[in-house]
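One structure is given here, and the rest of the page talks about it.
Labels for the chains are A, B, C and D, by order of writing; each one numbers its residues from 1.
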Amino acid sequence: MNNQILNPGVYLCGGCGIGESISLDALEQVAGKEYKVPVCRQHAFLCGDEGRALIEADLAAGNVNQPIVAACSPRVMTDQFTFEGTPAIRANLREQVVWAQPAGEEDTQMLANDYLRMAITQAAGTVPTVAAPEGEYSHTILVLGGGSTGLNAALAAANTGYEVLLVERDNQLGGWANKWSKTLPHLPPYRDPQPNTINELITTVEAEPAITVLTGSLVTKTEGGPGKFNVTLSQDGSSRVEHVGAIVVATGWRPYDANNLVHLGYGLNTDVVTGIELEELLTNESLQRRSDNKPAKTVMFVQCAGSRDPDHLPYCSSVCCEVSIKQALQIMQTDPAASVYVLFDELRTPGTAEEFYRQAQKAGVVFIKGKVKSVSADLGVTYDDVMLGQEVTLQGLDMVVLATGMVPNSTNPEIEPAENGAEQLLDDVNPNTPLSLAIKIIDNDAKEVVPPTAEQAQASEPVSAALPGGPLLNLQYVQGPHIPMLVDGFSDSHYICFPYETRRTGIYTCGPVRRPMDMAEASEDAAGAILKAIQSIEGAARGAAMHPRVGDLSFPKIGLDTCTKCRRCTIECPFGAIEEDENSFPILIESRCRRCGTCMGACPVRTISFDNYSPNMVLGMIDAVEVPDEFDEKPRILIFACENDAYPALDMAGLNRYQYSAFIRVIPVRCLGSVPLLWVATALEKGFDGIMLMGCKSGDDYQCHYVKGSALAKERLSKIGETLKSLMLEEERVTMAEISIADSHSIPDVIDGFVETIEGIGFNPFKGF
Amino acid sequence: MNQGPASQTILVVGGGIAGITAAVEAAETGYEVILLEQSPALGGRVSAFSRYFPKLCHPTCGLEINYQRIRKNPRIKVITMAKVESLSGQAGDYTVLVKTKPRYVNEKCTACGDCAKATDVRVSNSFNYGMDKVSAAYLPHEHAYPQKFVIAPEVIDTPDADNIKAACKYGAVDLDDTESVFELKIGAVIWATGWKPYDATKITPYSYGASPDIINNLEMERLAAHDGPTGGKILRPSNGEPAKRVALIQCAGSRDTNHLPYCSRICCLGSMKHAVYVREQYTDAVVDIYYIDIRAHDRLEAFYRRVSADPQVNFIKSKPGHVEIEEDGTPVVCGEDTISREVYARSYDLVVLALGMEPSALTDTDAPHMGSRDDYGFIVPLPGDEPGLSSAGVAGGPLDVSMSVQSATAAALSAIQAVRKATAQSGALE
Amino acid sequence: MSDSNMNKSGKKKFVYYPGCSSQGSSKHLDSSLRAIVPALGLEMEEINDWNCCGASVGNIGGGPLPTTALSGRNLAKAEQQQATDVITGCAACYLNTHGANERIKADITLRGKVNESLSAADMSYEANLQVRHACEVIVNEVGIDKIKARVTKPLEGLKVAGYVGCQTVRPFANTESGGKYDTFDDPKFLDQFAEACGAEAVDFDLKTSCCGGSVAVISPEKTLHLIRDILQAAQDSGADVISTPCPLCQTNVEMYQPAINKKFGTNFNIPVVFYSQLMAKAFGLDAKKDAGLHRNTIRSEKLNILVRE
Amino acid sequence: MAVSSDTSQKYDLGFARWVYQNVKGGDKLSMCMQCGACSGSCPIGTEMDHGPRKLIMMVRAGMKEAVFQSNTLWNCTSCYRCTVRCPRGIPVTHVVQGLAAKAVALGYASEVDTARFAHSFWWSVTHFGRTDERLVTAKYYFSFGFIAGIKKSLDNLKIALGMVMKGRMHVGLPHKVSDNKGLRAILEKATEIEMRDKQGGAES
């Protein structure tokens, strides 16, 4: 803990219209008279060389060590206003004052004054953060799964200079790839099935000194965090503990159980086979059928066998079309006289794989668009031939191949489920119920169990169907043993922009356990996961945060003296960074922490704080705002704005010179999840007439970079009713606005609309108290 | 042979989502990165998208985080309006010639906007694909990074240029700015040169250009964008009326041996997203999607289900033969519904061609050596190629955004491996 | 054009393949072509004793090889005349002869069979010729500027709808062997011809719509509406005349006007001329002997003025 | 290889493969992805029972009878739009005409107008080496029988007269190639070669 006294210096910029719009002298009054800030200077162009020289001189002279820059938004000119590696505290007078307000008005000046007050208070509440990495950090990467994805991951790590522990459940490496007769073409000209090179890959891995291979092994327990995971491994009975820095999960997939596909003839006739089973029948000789080893001259592939089917797998397994094309081509190559049909609903050969499709057509494979109805025991395939516009039953086939889909190995079906595993999965796959698990645990004294809602039940269906078995890593996290999942049982990821952003820092999944994908894409995915693993190891060793607050050295400090063991922080932390000691006091695993402050927002007794972001700091900023009494007819509205989306939107509204009410005061927050109800209550007591939480979209398509921030805020606000009643205040005074970053144009409506509502309700009776 | 110690610096060419990702990931792993972008701002194609499928979230959301990561990271140097002229050498020791176009605005720019007020000259707005105009002194768009203005070459050497210069209080306008060429010593290069839409005028049967109400999928994104030419309203370019009968034509160029032989992967989902744009705005709108096969992979299938559940969105399995233009300019889509066998000719308020992706590097005549390319111009390193050159995102093949980010992260690792290897070798030499 | 496309003298030699319609329905195409091609500075002599190309139904009537052999004979004759390039003005002749020629070039077995057939008349074809459409030759060998330069009597005030039809551009206009001289759906050359002759090319968007081709001859009831649409579009575009390069288009669109007026209650009376007739006129050549304008059955004041002037 | 009879068994590839090998342009048929661009581009597609796209699927499905009895074969105007637009490079026009030729050769089309016209046409070619529009048309009309012939001729009398007036309908002796004998020899030889090739039994 570093408690050095800060000497703030206030620097006022007159540029970009600030000087013309408001009085810098008035601001200087605020700094000097009200806050007794020793150093306060003005400049017409602060971000210019001359302006910065002004600040650097004071820093050099040692009479200032905490510059406060009252100029533009903290989102811009960051290089210009970062000194000795530390960004200055900023008061946003440009985007959110003079660009959004009429020049020369009293209200505009008041707004500016308040923002300066808030900045000075923020500075006072800020302690320089110092990295405090403790203990021994491992730089070894554990790769779970020795299939082609895992092998590629291990090689990628070794080739980047990292030691690897490669753990495979089976007694041999290679996984499904061992079965493939040939593989898909992923290099130009993308036309022909390629020789399977899995054996070469295995040899290379086994020859690689940096890689230690453990086959026939399972992970039975995982503790710790990035840089200091302790993983318990069991290999034929004996178990050992390994110290690793990061974990890459490449447990892959398994085929959808064809025994569920009796309507497609599976089990009725041995010559109805799955694509996987066919691989073993494909050789350099012409294809023979299983029943009588007679040559199979007419073969039909039935696509989407189980996939894209609400009764089985709701999703598309992505690779089946190309795999069937590969197999069809192999059959034609060994017997050009064969009749090979592919029955598909939508043929999916994206990108350059279209070449592969054309190659199969060229070879004479017949593609039929149709929805399969049934496959009979005598291999009669009945389907709607939509292109002919009639129902067709194809007779006289020698073999029917079911292209079954991929089920992710997000769990290990070969071991027993963990007792709190199911609850966690239910919670994970259903973002609509962000706190279902929390509620259960918090109400653990309550006799009756909270019945799951309809959508919970619905969401739980695919989980139980697709995900039997136990946890892969058996994480010793309060939040459960599983790696969190997103949809359809595939492992979690901040889908689209940050696919490697997961809720278990230091643990990265890749390959088909993350999304259905082919071997080529999986090997690329493996490289990506390894890079993130390396970053998490190096970050942990520096005590620095991972994405999105990359490099942030601050971390939450928990004062146990006042802690009530309510467990909210442990439960609500999106990253499971907070565990419990034997007395069920919360303890932070720093390297898991992503610095969002959700724990801070969860804590009812404000005993969790960061050096540079704390309840007291924000309460101070709230208190710094001058709230006029009601006779001035100037309401005050406090806005907590998420710094990732809402705050930039406010800036862009200013950039576009959109005008809105001057009665608002904005406090940027790391995430709405970090806003405790206490701040809201305090603001109301202080006399603010309305409070608005501005954050991103929650729910199924959430955008929160901390997963559930805005969902948590919603949840909490829903509980504020009582608080307001006890204060005899209207519930409408507190609201939440889902503002996306592209909503700059609607900012004025949102703000002015709320101001109107508040003016309708009337002033806060607490004013003046 | 390597001269002296190998360079550890990684050059990323192209500042779209793939290039940004590759640059940030490499820098956050501790490597020096130079990020080149040929336009005045980062963001590339995605920055001109209104929303992403299937979450319908805004690209700026992810870009904002990435820009914050770049701002925080002293290891990343961003150079805009820059292009690679030539490249020579090998991993650890590339010599790269970079050419920059003049911006006529220097680092002192605060984006205050006074320059824009100083001229009445309006130039075509390339960010909106020329669908509207902007001041000759302009910020590329509201979320532009770097947040610096640009002065259009059109006004240089005119009195307006002098007015613009005079209007800037900060000496940020530099009318003497010129093209410049400089040399970089680089350890490894990641090509993230991205894509451009296939030239619609080459698909003559679809009459692009014959009616203002026939547009392409990128223009549709701008029509839907709040900062687009219509402020986010889907309106007919011809008369500004709401577009309530909309045809979305898939495979405009893609999957066609006369044009792009490959499937561009993103168009199906993109058009479903466009259907949502229209339906969100007009409850009585009807959208027809003409397709050959709907290519909605893994979880994207759910988006397909969701959109096809809308009774006012019709999926018609048909590659239209041609688009005719009625006397009043109304486009008429003609073809055969392959399932009903109906030969149709349907008129629409708006026809959107889902143009395929063509690698930008393809038609770049003075393109430098980039490593192995496939027949379509995608950069695909082959086994045994020199390790120092890799590709990220659509430069390497038709990918969606999430896959581009994956490929960019992998490219960052392979670049890191290349410079490490080169360093080890050059170390061995000394 | 490839270098192989040169005779001993190293110069190109053009021979002309008139096709059967030149002796019947399209005499005016024939006469005008024979007039303008030399006027544009290209020498061409007629293929000796040429025969029918097989047209669109030859395949059905006689089968593939005999049809190809028909072209084979013409090409062999042309080769005997030391030709390098065969020019034809008839879309169907071009389609068949050019197509056959390209197939014979590409397919050695087919070449063998054709030559085996030709041997029955002691002939053979070495497959060194290019078969080219007159329009492509004018675009690629002459060029629009040369046309402009040659014009002595510009067709001022004449509004022309350029109706290209099908086979003049499809399937070869935009291919290498077809000289890549224009697009399949929106060719510009015919309008450029008209403009070069001093006329006004009106905006006419059915320029490559089908007139019904041989189906129009065999079962007009199926195709009259196609011609109606073409005439309607031409009328709406304010055209005085329709100009076309294709004999069958010319005959169909012209001859069926009365039948169309009867069937659809319209009263179209739009002359349909060959581009070459307009050129001949603009070049100041004889309106009858060369331009053959007296052979057009649909007359209009504008056309008559053209004939008289 | 012999053309298979239309089996009740759908997708017996015998017929499809025969078409691939024996019909002009057939070798590209397997590339069809049923997008419908061909049928959608056809100027008189509405006149067609199946249209080229479905016709190709029917070939694959082995529906020989239905294919050869399809009116699609006779409604092709040879505009070549389908050919130039096909995203898979299939010469659709040639395929349709090729199938039409086979339909005639296999005797499916004796009553079809186009077939009659084709025969009259070929008659003229083989007799004179050139086509005499007047004779071809007349022979075509009269192939419907004398009365019908007269009627059809009268229908088009206006046109014919117009042509004659303008000297665009040749009257008098038909134009001939001078070396008619040689031409016939060539055609007979070609036909003979075609037959010889079919000894592998292309048609039965």
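Here is the rule we use: a residue touches a chain if its C-beta (ideal position, glycine included) is under 8 Å from a C-beta of that chain, and two chains touch if they have at least 3 such contacts.
The structure displayed is predicted, hence computed values, not measured ones.
> Tell me which of B-D and A-B has more C-beta pairs in contact.
A-B
> Nearest whole angstrom, what separates the Cα centre of chain B from the Cα centre of chain D?
Computed from C-alpha means, the inter-chain centre distance equals 50 Å.
> What whole-Å value do you get for the distance between chain A and chain B if each is reduced to the mean of its CA atoms?
Roughly 25 Å, centre to centre.
> Determine the centre-to-centre distance between chain B and chain C, using the mean Cα coordinates as centres, and give it in whole Å.
Chain B and chain C have C-alpha centres separated by 45 Å.
> Taking each chain's centre as its mean C-alpha position, how far apart are chain A and chain C in Å?
Averaging C-alpha atoms per chain gives centres 66 Å apart.
> Which chain B residues reach two or more other chains?
Those would be 205, 255, 317, 322, 338, 341.
> Could you tell me which residues belong to chain D and also touch two or more other chains?
Residue numbers touching two or more other chains: 33-34, 53-54, 81, 84-85, 88.
> I need the residues of chain C touching at least two other chains; which ones are they?
Each of 184 in chain C touches at least two other chains.
> Chain pairs that touch, all of them, please.
A-B, A-D, B-C, B-D, C-D
> Mind pulling up the chain A residues that touch chain D in the complex?
339, 341, 347, 357-358, 361-362, 364-369, 385, 387-389, 392-396
> Looking at the complex, which residues from chain B come into contact with chain D?
205, 251, 255-259, 292, 317-322, 334-338, 341, 343
> Mind listing the chain D positions that touch chain C in their complex?
Those in contact with chain C are residues 24, 43-44, 47, 74-81, 83-85, 91, 93, 97-98, 100-101, 104-105, 113-115, 117-119, 121-126, 129-134, 137, 140, 158-159, 162-163, 165-170, 175, 177-179, 182-183, 185-191, 193-194.
> Looking at the complex, which residues from chain C come into contact with chain B?
183-186, 205, 236
> Using the touch rule from the top, collect the residues of chain D that touch chain B in their complex.
Checking each residue of chain D against chain B gives 33-42, 45-46, 50-51, 53-54, 81, 84-85, 87-89.
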